[in-house]
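Chain IDs A, B, C and D follow the sequence of writing; residue 1 opens each chain.
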Amino acid sequence: MFETSFSSPEVLDALGERSVVAAMLHFEAALARAQAAAGLIPATAAQSIIGTCKVDLFDVAQILRESRRAGGVAASLVARLKETVGLFNQEAAAYVHFACSDRSLIETALALVTRDVLGWIDADVSRIATTLLALAERHTALPMLARSGLQPVAVSSFGLKCAGWAAPLVGSRQRLRRAADRALTVQLGAAVGALASLEQREGEIIGLMARELGLAVPKSPWHAPREEWTALACELGLLAGSLGRLAQDLALMSQHEVGEVTEPVKAAALVASHGYPRRSSSACMAAWACAHHAPQRVAALLAAMSREDAHAADTWPVEWTDWSQLLMSAHGSARALAQMLPGLQVHPERMRAHIDGLRAQLSKNEAETCFDPALALEAGQITRQQLQLLQGELGSHPPGAAAG
Amino acid sequence: MFETSFSSPEVLDALGERSVVAAMLHFEAALARAQAAAGLIPATAAQSIIGTCKVDLFDVAQILRESRRAGGVAASLVARLKETVGLFNQEAAAYVHFACSDRSLIETALALVTRDVLGWIDADVSRIATTLLALAERHTALPMLARSGLQPVAVSSFGLKCAGWAAPLVGSRQRLRRAADRALTVQLGAAVGALASLEQREGEIIGLMARELGLAVPKSPWHAPREEWTALACELGLLAGSLGRLAQDLALMSQHEVGEVTEPVKAAALVASHGYPRRSSSACMAAWACAHHAPQRVAALLAAMSREDAHAADTWPVEWTDWSQLLMSAHGSARALAQMLPGLQVHPERMRAHIDGLRAQLSKNEAETCFDPALALEAGQITRQQLQLLQGELGSHPPGAAAG
Amino acid sequence: MFETSFSSPEVLDALGERSVVAAMLHFEAALARAQAAAGLIPATAAQSIIGTCKVDLFDVAQILRESRRAGGVAASLVARLKETVGLFNQEAAAYVHFACSDRSLIETALALVTRDVLGWIDADVSRIATTLLALAERHTALPMLARSGLQPVAVSSFGLKCAGWAAPLVGSRQRLRRAADRALTVQLGAAVGALASLEQREGEIIGLMARELGLAVPKSPWHAPREEWTALACELGLLAGSLGRLAQDLALMSQHEVGEVTEPVKAAALVASHGYPRRSSSACMAAWACAHHAPQRVAALLAAMSREDAHAADTWPVEWTDWSQLLMSAHGSARALAQMLPGLQVHPERMRAHIDGLRAQLSKNEAETCFDPALALEAGQITRQQLQLLQGELGSHPPGAAAG
Amino acid sequence: MFETSFSSPEVLDALGERSVVAAMLHFEAALARAQAAAGLIPATAAQSIIGTCKVDLFDVAQILRESRRAGGVAASLVARLKETVGLFNQEAAAYVHFACSDRSLIETALALVTRDVLGWIDADVSRIATTLLALAERHTALPMLARSGLQPVAVSSFGLKCAGWAAPLVGSRQRLRRAADRALTVQLGAAVGALASLEQREGEIIGLMARELGLAVPKSPWHAPREEWTALACELGLLAGSLGRLAQDLALMSQHEVGEVTEPVKAAALVASHGYPRRSSSACMAAWACAHHAPQRVAALLAAMSREDAHAADTWPVEWTDWSQLLMSAHGSARALAQMLPGLQVHPERMRAHIDGLRAQLSKNEAETCFDPALALEAGQITRQQLQLLQGELGSHPPGAAAG
């Protein structure tokens, strides 16, 4: 609950119960269509099944309520689907979920849901990176203090700072896509003892389903994708780490006493219930708070790898809690920054004032070695080289492509 | 989502948005009543406010939707409450949330919600401990292999095993109560600049509110309870650890090849969708899986202690996610075991068969040193002493008392 | 390695291999003396054993090297001890580690080592709290911006800030002591099948040993102290959280641009290899970095509670790694702050300048509501009340008492 | 301490202080040689520096002791190196660590140390995978119960089980190598204000150093490799997860009551100090215990990504603690399994007995659907296909190549 303030309606929907059940039905429809095409089940049965696989025909809450008694959500949904198909076409009911394991159903459905959320994350990260590169271009050699351990260590440029924030995000996006391609596959395992019924057509069926569902084909039909999923979780953790650092840096720079950047202030927030006009860094704080939870969630999923009950059909919802929360960590962090950054206000005069203030406290020699504003020109040179590299990488992966 | 299978309707309700908003209104009503009693606000205003603090009068979803714009959930609720009170009594509106900080409202409301969930956890843990002590009494000196690192190391008794499971649970219950008493207090801080309006009556007001809300009085009115909350989280983590160990031990003992205990099987689950009668250890697996997540959630809350944004009024929902999930870890684990344990089947003949089987592989001397069934008598003696101690401790804290 | 920079020679020694082996020998000597007093073993045998239990007589590295082959460190040490005792008194060798389990030896030895480290932590935390209370007294009503989410929200006082830092530390110290009393007990379990040899004198023997070793008597002789140990770990995690927050707050206040406090600067560090005089916040950064690791280490110990191999005599060194690192997190953080704080420089003029600078940006009304320097007087009143409470609590637990 | 039992002398050496200091000197020598080749420093100075960069010439303990005062280990070593070079060649001292940042020195040295440890891990994982594939080949269609949630769910084959264990390890090895190639690069940043001295020759110098040190060239000279390092940590976490699962599965299968496999027993361990011949699963338990710690250590490194002090030159040793412990988790787990697996004893008769025992409890129909031993033939077919795939992948990356 209360996630509303840290997420978006689309993603809360995508991770909801209805959405997962819809994805399960999507799987069953694709399975029936592919099995009919391969001649494993009658075409008329497939048509009945496909026609019934519509989430509006089902009572999602009931399917969940019955899941414990039925031996898992998959079993519960399959039972309801058989029943409903049987109302119209008694024979077709036997071909629902034909020779298929419950685990395949659940894992593929979660892959579908995850893919949608990753699409939104990708778009937000792309927006953040694009904005940062534009800032880097505009302020290539703008002098600013570089800090380490919260203390000034040299003069650098705001452009270089922006490029440094963008670099890991551009890299993360690429790696997330690669990891998603390996993890988000059609899973199709035979139910126990049903391997013969598939007549060695799994490869063909998986290929057809992959095309319909927009997922990848796994390296081998029996390949347990657990480590690929956990690898994808790690990538989300890395992304959250980079977003968290960006959020934290911006929050520090927008402290009242530093004031080198400020978040755009909405008139409404100015009055708030506080009764005073607060210069807020609330987007950064929210992004930071979201990102901060990712490491624990990655650890939970890594720890689950060596659990005996790992991904057993009836305990997967426990993993799913961590998984969906990890997606929300990354999404919440990316969303808050993607909405705020385009309106970020940059204050060159404050950057300069801090440099001058520091120089005034130093001996001439000290001031010139590390705190000469001209050092920003050197930083600017590096910025330009970085920009070229990063713009190339970002450009070759437009945001639309991920969800496609 | 999908938590249904690992929780109970009561707890899912208690942790829901409506429940938190109801608790907030409960706080505002208690505040108004206490401030009127102390003469800080007019009695008629208090009556209007108290009469309006009913969750049915409010649109919970709207309050949440508006929370970001309003500067937090507290601000959003207070705004709606003022508006609604004002419809009936224009003057009373000014006395809503009088001189009170937003953070006080949120933290006290979460204390109320948490107290309810802890009541259910306490009852379940009490049921588990009672059942284990009864088992220990019935099987005091029943010979059974003691194992370490999954290998037999000696003969002990099943009674001693049960007493060993019960001991940390009995201790956890007591410590959880103490920790709850320290953490679940009325919080009442003045809004910035409003301290004078309280006329140094905070102590009196807090006392009245504590009585009405059934919460404790904090050590000092300005005492930040953050470390007490996190200490309570640690106690939940410790409880989950003990429950997880019990669940794991039982799951290992109920392996098909070991079969020393078995979970009661519901006829319905026998057929399941698997098509074969599976001797299930699903309650243990669920309890184990739930418990397994607690350490990460405790770590998340410990890490949050040193965050700058910690408990800032507008980022607390991020903590609340971890907090409510930790409550659900402990509750889910306790609930699964509390429901299953009373029906646990014990199989003395399998326990004996494993001892005999092992002895047959050993030399006579070896068999007598560590694997003499008579060693169970020694274990039985210890069991009886433990039982007396534990029954005394458990008896002095009946389950009802927690929520009271 | 490299821990030198974040610890102290005493604590590195206390956690070293030699120190643990010495504690094991201390246990064996106390065991022999107590068993002789109880008439279980001959007094002459006890004298031989006690005389031989000196760490200088043993090759610590060899004991560790042989531990894997011997089946654990305890077995390895006991074998060497028997051998050495036997050189002088052949009969006495049979009474070494008489009827005692290996686990008792290891766990009691670690309790001894832990108690020593906790003594140092206690002294440092006491020093920090004392210094903070002195600062609170000196600057009771000194006006300073209160900040939330890194932004100013009101005027408060530096004294109140100091009291707020001290409060959780004073509480932590008390709770750590209580937790240590419960966890750091003599463990004395019979070796398998040797219970009869003890003639039901365990209670008496434990009492004697507890007095000699300066440890507590466990609630029951067979009480597994695992959850008490993990509870102690949680307390260390909570302490680290409070220290981390203090370190972080100070680091933020000592930023060049804020400058409300500054760490004392050693002349040597001024030049450093950097070539410029850096105003450092390195003590705070070190304390923060140390504290930051505690949550993961607590999580590792909580997770270990439900591990089958938990505290099995031959895998305990894995837990010990986390345990000793957690001790070092808390110690490193406390040490860095305890050394730096007495020299902390406070800059009232910068505190005032930030208030005035902010007020200049606000309307008169806004400035007066939350940012009136007179609000520091209100804060000062609260500070005085807090101080009285905290000085009382701190005074009733002088630092020396912990190690005693 | 006590890590000896869970590691190997080589790796303990590689992660020791002496080894890190040696790597730092290796860096300084390579830097001098490359800068001389690029004409930035005199060839005679380079020769003096190279000749002095020998760890035997330095007092490692002293360098560490002085590191706090000097402002970090890098500064401490550079000071000593300058002094020592100056003894022989006064002019050369000025060219030690020429224009180079301290951070470059530390990070490259740690890359060298890490590379060595990864080489040993790679060799062990390769040995484990090879052994598992050989077992899969020998027992392709050997009937065995497949279990989920610790209960039998079907008949499968031991060969398929072995292939399933090998698959993620083969994948992990490849990914670890790729991640290492990206993370383990020469770092070469200019000291603040010294960029001009490098005359834009960084690219050339880095190339020369990379060749000499056997590290990769970073994507850009100013590319902060933090996320690549953390990505490498994630890969180690994934490897540990797969090793932990293997260890746990083997430990469960070698329970006394299951006995489908057994660890090779060394005669020495039979007697142990326990006094009874324990059928041990100690290698598995050790491997499991080591693996179990990896998730927390990955979380610690992920959390460090967004820390302000992240990789500040003077707090990196705190990260290094987690980093070296993570390496030890993966190494300890791999080492224990690599040493034990080649001697693993497989007991087909016990596998068969469990199948038959279960069938005897089921109805004929139930027994045939899921527990027909002939199902092992189907599993065998899949095993053969998997084997071909995995042998190909494993073969194309021989173990020697990693360290090369």
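In this text, a contact is a pair of C-beta atoms (placed from the backbone, for glycine too) under 8 Å apart; a residue touches a chain by one contact, two chains touch by 3 or more.
The shown structure was predicted, so the numbers you read here are calculated from the model rather than taken from an experiment.
Of the two interfaces, B-D and C-D, the higher number of touching C-beta pairs belongs to C-D. Farthest chain from chain B, judged by C-alpha centroids: D. Distance from the chain C centre to the chain D centre is 31 Å, each centre being the mean of its Cα atoms.
One finds 28 Å separating the Cα centroids of chain B and chain C. Between the Cα centres of chain B and chain D there is a gap of 39 Å. Shared contact sites, meaning residues of chain A that touch two or more other chains, fall at 149-150, 153, 192, 251-252, 274-276, 282, 285, 288, 292, 296, 299-300, 303, 308-309, 312, 314-315, 369-370. On the side of chain C, the complex with chain D involves touching residues 1-6, 15-17, 20, 64-65, 67-75, 78-79, 102, 192, 251, 266, 268-269, 272-276, 282, 285-286, 288-290, 292-293, 296-297, 299-300, 303-304, 307-309, 312, 314-315, 317-318, 320-322, 324-325. Chain contact summary for the complex, chain D toward chain B: residues 145, 147, 149-153, 251-252, 254-258, 274-282, 285, 296, 299, 303, 354, 358, 362, 366, 369-371. Residues 146, 148-150, 153-154, 164, 167-168, 171-172, 175, 192-193, 195-196, 219-220, 222-224, 226-227, 230-231, 234-235, 237-238, 240-242, 244-245, 247-248, 252, 288, 291-292, 294-296, 298-300, 302-303, 305-306, 308-310, 312-315, 369-370, 372, 375, 378, 382, 385-386, 389 of chain D touch chain A in their complex.
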